[in-house]
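Structure first, then comments.
Naming follows writing order (A, B, C and D), and every chain is counted from residue 1.
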């Protein structure tokens, strides 16, 4: 068969019959429209046309295979049609945002000059597409919790100890029994391909080179097996589970990653509905206005318009997730599906930390989803501090981690002093892989390693076990921090 | 009779004989001059002339009928005179402020792009006349209490609970026994016509569509019956009473609204004299200077000038209000006039909350009048917090509400956690109706509903009864907030 | 005698024989040089020449008479010489600063548009000469105490009471038994002539018109009798004593003002040496540079220069003051010199408040000299708060006042709630008289009266006795204040 | 021998045979390459060439003699070669930074106009080379501890006492038994020659003139004997020891300074590894870019680059220091080497203060190395406060000093009130000598003396013994400080 012509496809451009082209192959998505987590509307925008550019950066390669029955895979375009698409694509004028990104990419500084995670973030913000930047940086409402996550660390100072032998200093630790060269891990974060074509695999390769553990998101933009393929044999990967509302579908996902060799399940509990990420929601309008040169103004016709129900990228990703999880029901269910260790990601108060321990999990990750979910959720560092003050025995019962707002080695050390086993970083690794690919990820870990070792030595610790609660003091004033990026 | 000529009217341009034209009708206000709450001076500016443009936006349509004896209604202008006025009005050059407003109205963004109450406020500030903006936004002295009302919420963080079933989430409640689709109500605010020709009726219509309750101000710019006419049959309206110093006049007002079907009396106790709203007082001078292109400078003649006694728009509205109310006298009086539930609006400390309960009222609204009255009155959220700490039993005895500084669904949820039955918003609805009419009001409620439901789910609450004091923690630092508008 | 020629005077231009011309009269100041509190150097700058312009604004008219023996008053210039000086003065090109001031004076806003003390300060800062502005506004070191004095008030909020009869509201009080129309007084401040040719008399006249009490500084730029002459018969004036190191000279000054009819002595104890007011010290250099168009640069010759020993205007004023006062010695001495009530001005901590009471004084003025003396002295409002917390009985034993940082009626009310009898304002009255003369002073009092009465009514107080400690609460956060001038 | 030609030297430009020219003399540093604390790479940049300009400002004159065996001192260049170098140097175009510095030096203000240490810092920042400024001003990570060191003082206010005789006021004290005219000393700081060709000797001469004590750093840019030579006979110098990892080398250094007449050993314990001073590390790149007119951009080749292991200037200085010091081992060792008093410099918490006393030292210097080492080390003033609260008896057992963040006389007085014997200043003296040489140092001391005496008098103290803990109060708010330089 010589393949489909563009005209043939173009005849299926309605909700009644909706075909789309993705990477020169034709798919009939008519019946899939109502199931699409991002809504039918966004697909219909491409009905009867090529959807490749919009589709690829935010879907794992196996998404079509998993979600669309084989009968709906209608086969390739004709060679001529493919060629037409390619030449259309080549002739297409670049958007202003694409031009900006290309210019920024040409001017980005040498990796040798990158000294801190902040430096990496600066480069990433310059080189990311507007869409990627909006998705990566956005946080809830007024982004106060996002900012407070980082500011919380600044209220903790060290009681540094001197005259202790620290010539030899070993920052390594074990997380759920797996080795980690430094006490940090990559916290799950979605859609790495938005920032770099190699996506999550950049992080996997960087983690392999530096001996740290990567937690892979359910919403990764590569398939779970793609990512595992990028790993070296001895490498540890964890899996961040967004539980589907349908237990069977959810179990299938868990069994898939268990079989692929992922070593732990981090069950996400703080994102059962999407946070209100206005920066992300506004982005398409801003791009549109930028292209047009002016915004769309209000007209009387608008008076009839309905409530905006879109919740940005995040809303689409978790539309089908389980909003009725409970300690009584969900943990036993998950134990029944897998023997892997279970960690609860998204504990935001002491009471739930206690309940998690009672439910028998292996670890808890104090997190408010990087400030992307509930605005005014307490910063994880503050929750950790309260846990240390009021439930110090909990640190003997489960491993405790935190993520959110970590930018420096001293942040990591503060959390470890108060009892955290390790500290997760999400956005910094998205930024690193976006700006510099796998070498950027390696660089980020090297920076953290250097900062962690320096801080350990200057605080008088030669191993992570030397880090003690009394080395950290919460002060009653707020230091003045550098301006935000 | 063929009506008055302009010349005839013009002969009555002195304090001794003062006629004015309003909407093509002639009135003899000579005897009314000393009674005018806004002072005689402002009327005399229009003596013998057309006063329509100044009069209409700040007086309810029934004001002349209520305040001027029929004999002083002198009848219509002649057709020729009316025509002359119209053509004068048409020829009149628009002021710079009018031009600015028209331009802004043309450019205002589509309602579909409005994501938050802050977005609405931005548009309103652009599209409001300078006079309306000054009146709506102004607050006392240095506007510190106004700002602190909002900042107070930012010191309360959530102890969010996870693993609770929240797929179904119902944000509805009852206020004084009346249904409300979400736990907010429209707090009384004066002079909606300053921002939109339909005035308070925009809010009434928007409230009907979204199932919330509107509290109508004594100082509304539509008559109380106009507003009730805009309501649907099942709709609940409350009445915000500014008590006239004369008990008989005051009782007449209460009986009027009772008869019209208003369902509760919110007795305002925090505005017995006008706050010092400099922004509002300065506005006429700024407009004058803008037209002239330069301010008026000091000359030696000014040395004899007297103390400024004008207190801006607010001073005029409450000039005749009762400054000698007491618990012992006023509450029994009001109970004698009406059987409607009574709520005290303007409680600012614990002691008065207790006295209010002892006086047997049905509810208290913790409020400092949106920071427009006593500068350095404690923010209502702080008063609510103290009430919860020191008098928790009060929440079992009366319904407690707060208003002032609410901008987000999380603000609402924080107040409910601490025991508030519902939360009032004033300015946001003025802004919404000014910028977009009734659809703007609907949008504002939709936004709040979405934010409230999201926060409830992410905090682990499926009904308002699930919101508990322990879910909120007052922190000992001040988060960094976005810059003011 | 036909008077001195300019040539004759010019021959006495050395330390050995130094004559100067002041207001067309010739003085031999050779022997006075070492006694001049401002140092010999500044006089020698004018040796043999006319010194009128530099002398007049900072010396009271009786200074020559008091300090220079009659034999050194050499008599008038010749008519021709006087004429020459006048025409020289007229031909003299105005400095850039003089030009700026004249322009600003032309453009100053009408007094009718002045709404707050802040408005007055804005105008004053625009219309004052650079020298006057530097002297009036300057404070110690980094001016932190100056700023904190005002910021301290912002941490006190009201527990406002409602439902109290306040239609009648009387803000008057008695200070040391003397009537005051509102609970404020003019705190002593030097050199009013720097800002306005009528100097302190402007304040005297304004105080008479508004019924408040003026405290006159030892360092007034009018003589004590000039100022008393400006007063009306029933008017109360207090005297701020800077005690001379020589008891006899000091006693003479006290007896002089006692005889003139001043009603109390405020002994200044916080200014025994001058604070480091850099803004004041720098001012002459800045003026010099402004005229030249460029600053003076460092040259190798400068290497030998000595320590700067000048301490600006303030240093000169108090050079001969008593630095060895004690409770045991000074209070009995002063009681021996006068029967007038004695108040200690400059109490900065609880311990000294107690000692002052034990020393039997009639009142204490909590003050850190408007932040012009010891940098990091506690703000008076904070000292008052500590006094109320730890020594509440002191308020029954002496009258307590505070000054420093008061800008609004609410500031006054806060201090009165905590026990202050009255509140002093210094700079605001200097600014008011500088910008608008006596009418400016009247305006300032009218503004304060309006703000005080409004605050009293809104807090539920109809007399100053109704103002109670429980109406004020010190909060644990710092409100965001408007930007500084 | 007529000396080496440039060609001869140029033949030794590889790691295998590396010669360099310094001040017209030739050295064979081939075998020294691996020992160079700053790494071989930086030397190889000058292999076979003149290294004078890079070498001189950061090495003491005796560095070659101490570190390079006599056989490697190959002797002088030929006269012709020297002349060539000189004329090359003269022809060399000045860098932009050199031009900026020369211009700034011409414009620097007269010393007579310098009123505060802040003024000196402003001039220094303008006149220092970019390299010197980067090294002097840089601090760790985000420079938060650096800033907080200074901010800590602003939270301490005075309870000033009045009516105390202070006409005579003596600010002198004794430090380790040695006289000091005011209670401050020069804290050790490296590389004064970076800012001024006379380097540390400027400070020595200024200290002699003003009667204060200088602590000389192990990393001084003059030799220890050069500096002692600049001193007058009675002058006291202390020595700041960076202990070499090799005890024998370390002992040799101690014995050298003991023999030279240094009077105490301040053992540095807070700088065993270098802090992360990004400003310093970035400086060479910025200079390079400034010359080129554009930065170096990332290229694909960079992907292979290794971790940056340079730690800026600081890293090189302490590369061989002892990272395994302990109380048990190091103090007895040092006591065995010298009879001089021993002070521990770099105590950062109470626990180590106690251990230092138990180890029998003579004094402790609370210091976090000016914020240049461990980011988030508690500010020394906060440590001092905790020491006073929790271990007040420690002040009877050893002398306690602090350094870090001192800018004003009031800072000094606050520390003395809480028990400090004296206060060290590092950077201010580097700035003073850089901007104005020895006269700048004298000026800095004069300023501090004036500020200290003024503060003592205004607080009611005539000797340092009158300064008591109850005169200082830590407040619970953060004053607003002037903007940073």
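Going forward, a contact is a pair of C-beta atoms (placed from the backbone, for glycine too) under 8 Å apart; a residue touches a chain by one contact, two chains touch by 3 or more.
This is a predicted model, so every value here is computed, not measured.
Colleague: Once subunit C is fitted to subunit D on CA atoms, what angle does the rotation have, in steps of 5 degrees?
Modeller: Between subunit C and subunit D, the superposition angle is 90 degrees.
Colleague: Between subunit A and subunit D, two touching copies, which fits better, same or different residues at the interface, with half of the numbers shared as the threshold?
Modeller: The interface of subunit A with subunit D is built from mostly unshared positions.
Colleague: How many angstrom between the C-alpha centroids of subunit B and subunit A?
Modeller: Computed from C-alpha means, the inter-chain centre distance equals 45 Å.
Colleague: At what distance in angstrom does the C-alpha mean of subunit C lie from that of subunit A?
Modeller: Distance between chain centres, rounded to whole Å: 63 Å.
Colleague: Got the subunit A residues that touch at least 2 other chains?
Modeller: Residues 476, 478 of subunit A touch two or more partner chains.
Colleague: Hey, which chains are touching each other here?
Modeller: The complete list of chain pairs in contact reads A-B, A-D, B-C, C-D.
Colleague: Across the complex, what residues on subunit B touch subunit A?
Modeller: Its residues touching subunit A are 106-113, 115-116, 154, 156-167, 408, 410, 414, 436-437, 439, 443, 446, 450-451, 454-455, 457-459, 470, 473, 475-482.
Colleague: Quick check: in the complex, which residue numbers of subunit B touch subunit C?
Modeller: The contact residues of subunit B facing subunit C are 141-142, 144, 147-148, 151, 155, 245, 269-270, 272-276, 278, 281-282, 285, 295-299, 302-305, 307-308, 323-327, 330, 344, 346-352, 355, 368, 373-378, 382, 476, 478.
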